[in-house]
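Down below are the structures I want you to see.
Each of the two complexes below includes chain A, the first together with chain B, the second together with chain C.
Entry: the complex of A and B
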């Protein structure tokens, strides 16, 4: 999408690596997510995703490859998924892929719980964190 | 979804009023009502997930706490676990003391050197098992480090403790340990000391260690009390 800068954040021990590609319409999160100020961390990501949804009509794809999420991060995932669900209902092509360590049943269960009510196409890929 | 009845009723009433008022108010109110319900749904989901995470963390904490005091090879209490047990006994103001026995596998290095570390580990596991089964509920055995074990004997007096020490030695004298390299005759030497209330625990353990050293000097496969380590008596 023209006008929106790519979003790149290096991962740390407690915050995920973030790769936002406006051209491809992809936002990718990988690593662990338990930053000290979770909502402050995710606010710019949500703004970026919101801009991506509002100012374009190309396909959107969210790839989540997070091993551990604190409660604030789960809330932020819900907010992102709600944004994309609205875009999907409005007719935008949207896809969500949640990558889980196949050995980690808890992660698979969490992903399932967050995705189950959505009407947009989603997939839980048991192939390890991205 | 468990939105309180009184709120649901008012939401539906509001939708009805908005419908009567007509567009665009009806659409705006419907959107707000849906958003509220979605928010409520998300909050409940978040609580559920968070509760589950908390309970998983509690379980993991319990496992971690158990692992921190357990020796992975033998399953006995490790040095930390043994010290914790000793500290609890020490706090017992009613107690007139207890016995501490330090036992060391004789010529363990030779087992490792001649048969390999795998057989050495098997010997450690079997010694731990025999000592632990023999002592049962009468006390506890911990792995103090390397090939050294510490027995805590909360018994009324030294004579009773001596009986247990003899049984612990006999548990190894009775039968060799089976190994892929053939039967191994494994023996222990030990040193014991009666812990008197008021004395530092580490001092008692140091005395038991000196008695253990004296047992090794006396020819191994025997046990001495610190109080008698310099004399001929007190052997197990």
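Entry: the complex of A and C
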């Protein structure tokens, strides 16, 4: 969409790589997520996603490929999913793909717990470390 | 450090099956480095993926909890004091123990003990319900963490969390938490 810049952050040992493509309506996260100030890290991502939801009508897609999330990151992920859930309920095409290493049962469980109460279309893709 | 202390320390390490310990001030960089060491150690021991994930997750929640607790202190000296702690990773048969120790202000001890006691009384279903409720609860303005760390730890633990609050000085108690995984 016009006016919203792409969002790109290089990953570090404790913070995920972030790729937000406003044209495609896609936000991708990969790596580990336990940054020092987790909510400060996620605030701009939530603002970006919120702007993406509010200012267009194209399809939205969230691709999560995180291997470890601390509880602050889990909470932030729920906030993102709730934003997309609202958009879905309002009629926007939304898809969420959560990529998990199938060997990592904790990651698969976490994805299931966060996604199971949502009505938007989601998929847990068991496809090796992202 | 005198030889007697070194030998006494070794004896304790051996007796308690401690595989990794840190004592001192925590920083994010240090938490990351130690976390990497914990993962590498467990992987080198060919431990199940789940054990590696759980020990790492509990270690991160405990140490980041200490950081967040210290950050909330307004006084510089107090912040430094609260930011220091000890973490041990020990083997216990097929299980691992993650032990964290830090100073807790006397005024905060009752609330902490109350939270841990209430978690100890919850079964897996109740813990999951509390976790799900917390996921949807707004985070208080300025909070550093989601307030879900202990809940998450209780869910991962193979046994109820064990804690102790020992007398330290007028202002502080020494808090130890043992998590069996």
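By definition in this document, the second predicted complex is superposed on the first by the 129 of 130 C-alpha atoms of A that agree within 3 Å, B and C clash if a C-alpha of one lies under 4 Å from a C-alpha of the other, contacts with A are read in each partner's own complex, and residues count from 1 in each chain.
FYI, a contact is a pair of C-beta atoms (placed from the backbone, for glycine too) under 8 Å apart; a residue touches a chain by one contact, two chains touch by 3 or more.
Note that the coordinates shown come from a computational prediction; the quantities given were computed from them, not determined experimentally.
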Given the alignment on chain A, is it a clash or a fit between chain B and chain C? clash
Partner chain in contact with A:63 - chain B first, chain C second, else both or neither: neither
For A:75, decide between first (touching chain B), second (touching chain C), both and neither. both
Using the superposition described at the top, determine whether chain B or chain C touches more residues of chain A. C
Check the residue A:34 against both partner chains and state whether it touches chain B (first), chain C (second), both, or neither. second
Partner chain in contact with A:13 - chain B first, chain C second, else both or neither: second
Could you look at A:21 and tell me whether it touches chain B, chain C, both or neither (first, second, both, neither)? neither
Output check: A:106 vs chain B and chain C. Expected answer is one of first, second, both, neither. What do you get? both
When the two complexes are fitted on chain A, the stretch of chain B hitting chain C, from 9-17, 45-53 or 225-233: 45-53
Common ground on chain A, meaning residues reached by chain C in one complex and by chain B in the other: 71, 74-75, 78, 82, 106, 113-114, 117
Touch list for chain A against partner chain B, complex: 71, 74-75, 78, 82, 106, 110, 113-114, 117
In their shared complex, at which residues does chain C touch chain A? 28, 32, 36, 49-50, 53-54, 56-57, 60-61, 64, 67, 128, 131-132, 134-136, 139, 143-146, 148-149, 151-152
Chain A touches which residues of chain B in the complex? 38, 41-42, 45-46, 48-50, 52-53, 56
Give every residue of chain A touching chain C within the complex, in rising order. 13-14, 34-39, 68, 70-72, 74-75, 78, 82, 103-107, 113-114, 117
